[in-house]
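Two complexes are shown next, each including subunit A; its partner changes from subunit B in the first to subunit C in the second.
Presenting the complex of A and B:
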């Protein structure tokens, strides 16, 4: 185990995040002779898609599927590459000078980086429905996390709700593991097909087409699927019932566990705090960093690879990581031997093919992104949609001003689970675009650290004298 | 809500609010709480509403617990350790105190 005290004061390349993009980037750079450190906050490498790839107790390979086990090669390659890989390492700060603040085991260090690749991936899109804060309501990704890492499978009465590939994948994995799912509430708006259909030929050529159809068939054969346009989680101390409506009327189902999912969006906090420029992507309904062909951001020396650069999936993430790493190696060591990017770009293009179809098909309906009334928008500070809407109508122009009025985005999650909702609510009320409204201005520390961790930062005699009187 | 596929990995005893909970090697604090059927891990500082782990990937901060005396730790990111003392976080904040 690497401790904070074991870290060098600088590395030529620091990679943040140990999913497919981070692992592929760190491997490539280290093998090219670049001193590389990879920091990841989870107990093991793999990110979300290959979570617990080196330690999962789920040994029956059919349960998680062969696409999951592909991650083992990436993890092995990174381990053998010579890159320093540190898990349990939380990066809480990154600035324009590429100083990286990191905490390991309660001790903090600030490391200088020649180049930085942010590979912090994606998070599940907020799904603000009435009752989504109740115990017993979790995300589909959460259920998949404990299945992969701890071998926990849902039992008792379980309902999945939402849209997107991950929902169907988790359903299939749960069934294969012997779990039961009472119902799937499909929130995909039928009219999405209108925009998606033109991209169907591309999707039919992508590797996800056959896999997707097979998943749908596998799940639909065993789980009743209802198309819905409204969902509410009901209960006092925990969720007891899910109430859902469609054109055919309103129904209720008793539940012990309600799992929500409506796609994933880039995890922007670290890049945003480092000053990386982001723009609104209307197809994916989220903010994405502005990047060049090598995934370099608006801040010199900082690249954003993987799903953090816009959602494209795990295999594409690894290719993006490689492209970003090659650019870093070329800048740091112009004479080093690196793979040909042409072949990597072709593989990336093939992976990204068909993404437009998935994006348009699974684009969440307005009502599931921009809630009304007492539905909570900001989980941490318990700010309702109505409060945000009323404050926007009063003249509040953007999310940063909204913090001053309502404290939304100022709780421990630092806007991760309300940022998009608040931006879109303000945009809707003020008849502006999300780009005009903007996003929270995030600042370090982007993860909470204790005063003791800050106090553990090494200081020089000169620094000590500078503040002593 | 969840059951273990197999009781693999050595058992690790932690305490949750003073009561012994049997976890397993490879569990995070949040996963151990879910596997033990503990229905919430904190109450919110604003209205005192109960909260349980929601995202389990370090994003939502709903699994905040006190671990070995340090408050507001993300339970989903911390592996369990033999003898670890976990406490649920209760109570509304007292604004202006």
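Presenting the complex of A and C:
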């Protein structure tokens, strides 16, 4: 185990996040002779997609699917590459001078980095429906985490609701592991097919086409699927039933566990706090960093690879990580031998084919992104959609001004769970674009740290003298 | 098209907004021009301290007139601004420090100012039970308190507009010229003209002054703050230190705001600040030593606001030395929030009537101009 005290004061390359992008980037750079540290928050590498790849108790390879086990090769490669891989390392700050604030085992350090690759991936899009904060309502991603890390599978009365590939993947994984799902509530708007259909030929050529169809068939054979346009979690102390409606009327199902998911979006917090410029991506309905062909951001020396650069999936993430790493190696060690990016770019292009189809098909409906009335928008500060809408109508122009009125986004999650919702609500009320409304200006620490951790930063010589006046 | 007004106020911080409101209350028509939005910088993101304690003698009159306004702020702006008065306590960390505080309080008393009051260890413990046992006493200013800075600035802006001021945001001043009896203010969104101009441009005010041939040695600074997650209520007054840099307050919602003047690196052209974690760690250690109750606290957010610091640490308030009809109101040197309400009133009086009864003689811009 690497401790905070074992870290050098600087590394040529710091990679943040140990998913496919981070692992691939760190291996490539370390093998090219660049001093590389990879900080990953979890107990083991793999990120979300290959979570617990080195430790999962799920031994039947069919349960999690062959794609999951691809992660093992990436993890082995990174381990053998000579990169310093530190797990349990939470990066809480990054700035444009490329100082990286990191905590390991309750001790903090600020490390200098010659280059930085942010590979912090994606997070699930907020799914603000009435009752989504009740105990018993979780995200599909959280359920999958438990399955991968602990081998636990849901056995209570369970309903999955939402859209997107991960929803169907978890359903299949749960069924294979012996779990039961009472129903799937599919929120994909029917008209999405119109926009998606144009991109079907590309998708048909992508590796995801056959896999996706097989997954849908596997799940649909065993679980009733209802197409819905409204969902509500109901219960006093915890979720007791799920109420859903469609053109055909309203129905209720008793439920112990309601799992929600409507796709993933880039996790922008660290890049945003570092000053990286982001723009609204209307196809993916989220903010994405502005990047060059090598995934370099608007801040010199900082790149964003993986799904953090815009959602494209795990295999694409690894290729993006390699491209970003090659750029970093070339900048740091012009004479080092690196692979040819052309081949990597071609593989990446193949992976990204069909993305347009998936994006358009799985674009969540307005009503599931921009709630009304008493539905909670900001969970930390318990701010309702109505409050956000009223404050926007009163003249509040953006999420940063909104903080002062409602405190939304000022809780411990720093807007991770409400940022997109608040931006889109304000945009809708003010008849502006999300780009015009903007996003929270995020402040470090992007992950909370204790006062004790902060106080544990090694004292500099100048400050020691100042204190000992 | 040239837009005209009685006064153009440059800068939408608490000072510009307060001056605009007080001008409007006097029946004048001000246009306020702000390059971002009102309260975007120091006025919106400062620690919110409303403090008369430990002020320079030159600014005590402004501070006292401000405090009179703070105590009935809702009547003025239609919002209580989150203002709560639980006093500010300057904690002495040693007997030697306390002796210095005693001299200061005696001096103030001789000058007729009674707002600072020396307290012994027992009274310190009564006011701030959570403070470390080794502190021998301090000074309290009992009328002091804290408010919500962005809300306050917005409240002044809103009320100014209700009373007839016009606020133009997202517009940068690019030039300032004499045009007959008027000042011609050129901006990124056209030309404004008025016989009077108030320069309340904060960290950018030196650029306005330079347009008038009054270069001032303004330093751009960004004092850092951090806020913790919610803790059980354990402290009412704002606590400040003298020897080490610290200001410390618990808000009504339980979060604790820690500041004190350690500086980030400001980038005033891109509105960015880069925090210095080594110095925030020094703040964390100071808090750790003074308040054992804070050992389990979590830091949720840290930030810094961009503002102006003058070489002598006190603001520039008064007439331009070169340009008839132009007035300066900037350089509040990391302690201007409390002064906003009163200074706006004084400035409006000065602009409207040509003089003010509040003594501001020591705050003129002349003091920085080479003879």
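Quick notes on this structure:
Criterion: the second predicted complex is superposed on the first by the 465 of 469 C-alpha atoms of A that agree within 3 Å, B and C clash if a C-alpha of one lies under 4 Å from a C-alpha of the other, contacts with A are read in each partner's own complex, and residues count from 1 in each chain.
Basically, a residue touches a chain if its C-beta (ideal position, glycine included) is under 8 Å from a C-beta of that chain, and two chains touch if they have at least 3 such contacts.
None of these values were measured; they are calculated from a predicted model.
Contact with subunit C, but none with subunit B, is seen for A:449 once the two complexes are overlaid on the shared chain.
Contact with both subunit B and subunit C is seen for A:412 once the two complexes are overlaid on the shared chain. In the superposed model, A:96 makes contact with subunit C only, not with subunit B. Applying the stated contact rule after C-alpha superposition, one finds that A:10 touches neither subunit B nor subunit C.
Once chain A of one complex is fitted onto chain A of the other, the partner contacts of A:457 are limited to subunit C, with no touch recorded for subunit B. Looking at the shared chain after the overlay, A:123 reaches subunit B, while subunit C stays out of its contact range. In the superposition on chain A, A:298 makes contact with neither subunit B nor subunit C. A count of residues in subunit A touched by subunit B and by subunit C gives the higher number to B.
In the superposition on chain A, A:54 makes contact with neither subunit B nor subunit C.
Once the two complexes are overlaid on chain A, the subunit A residues touched by subunit B in the first and by subunit C in the second are 411-412, 448, 450.
Residue ranges of subunit B in contact with subunit A, taken from their complex: 1-6, 8-9, 24, 26-28, 31, 34-35, 39-40, 44, 46-47, 49-62, 64, 70, 72, 76-77, 79.
By the touch criterion stated above, subunit C contacts subunit A in their complex at residues 37, 39, 44, 148, 150-151, 154, 228-229, 243-244, 253, 272, 274-275, 277-282, 284-285, 287-288, 294-303. Contacts from subunit A toward subunit B in the complex involve residues 41-43, 48, 52, 55, 57-58, 88, 90, 123-124, 133-139, 141-143, 145-146, 149-156, 158, 177-178, 237-238, 256-257, 267, 379-382, 411-413, 416-417, 448, 450. By the touch rule above, subunit A contacts subunit C in their complex via residues 93, 95-97, 99, 101, 108, 110, 275, 397, 401, 403-405, 407, 410-412, 414, 443-445, 448-452, 454-457, 459-460, 463, 467, 469.
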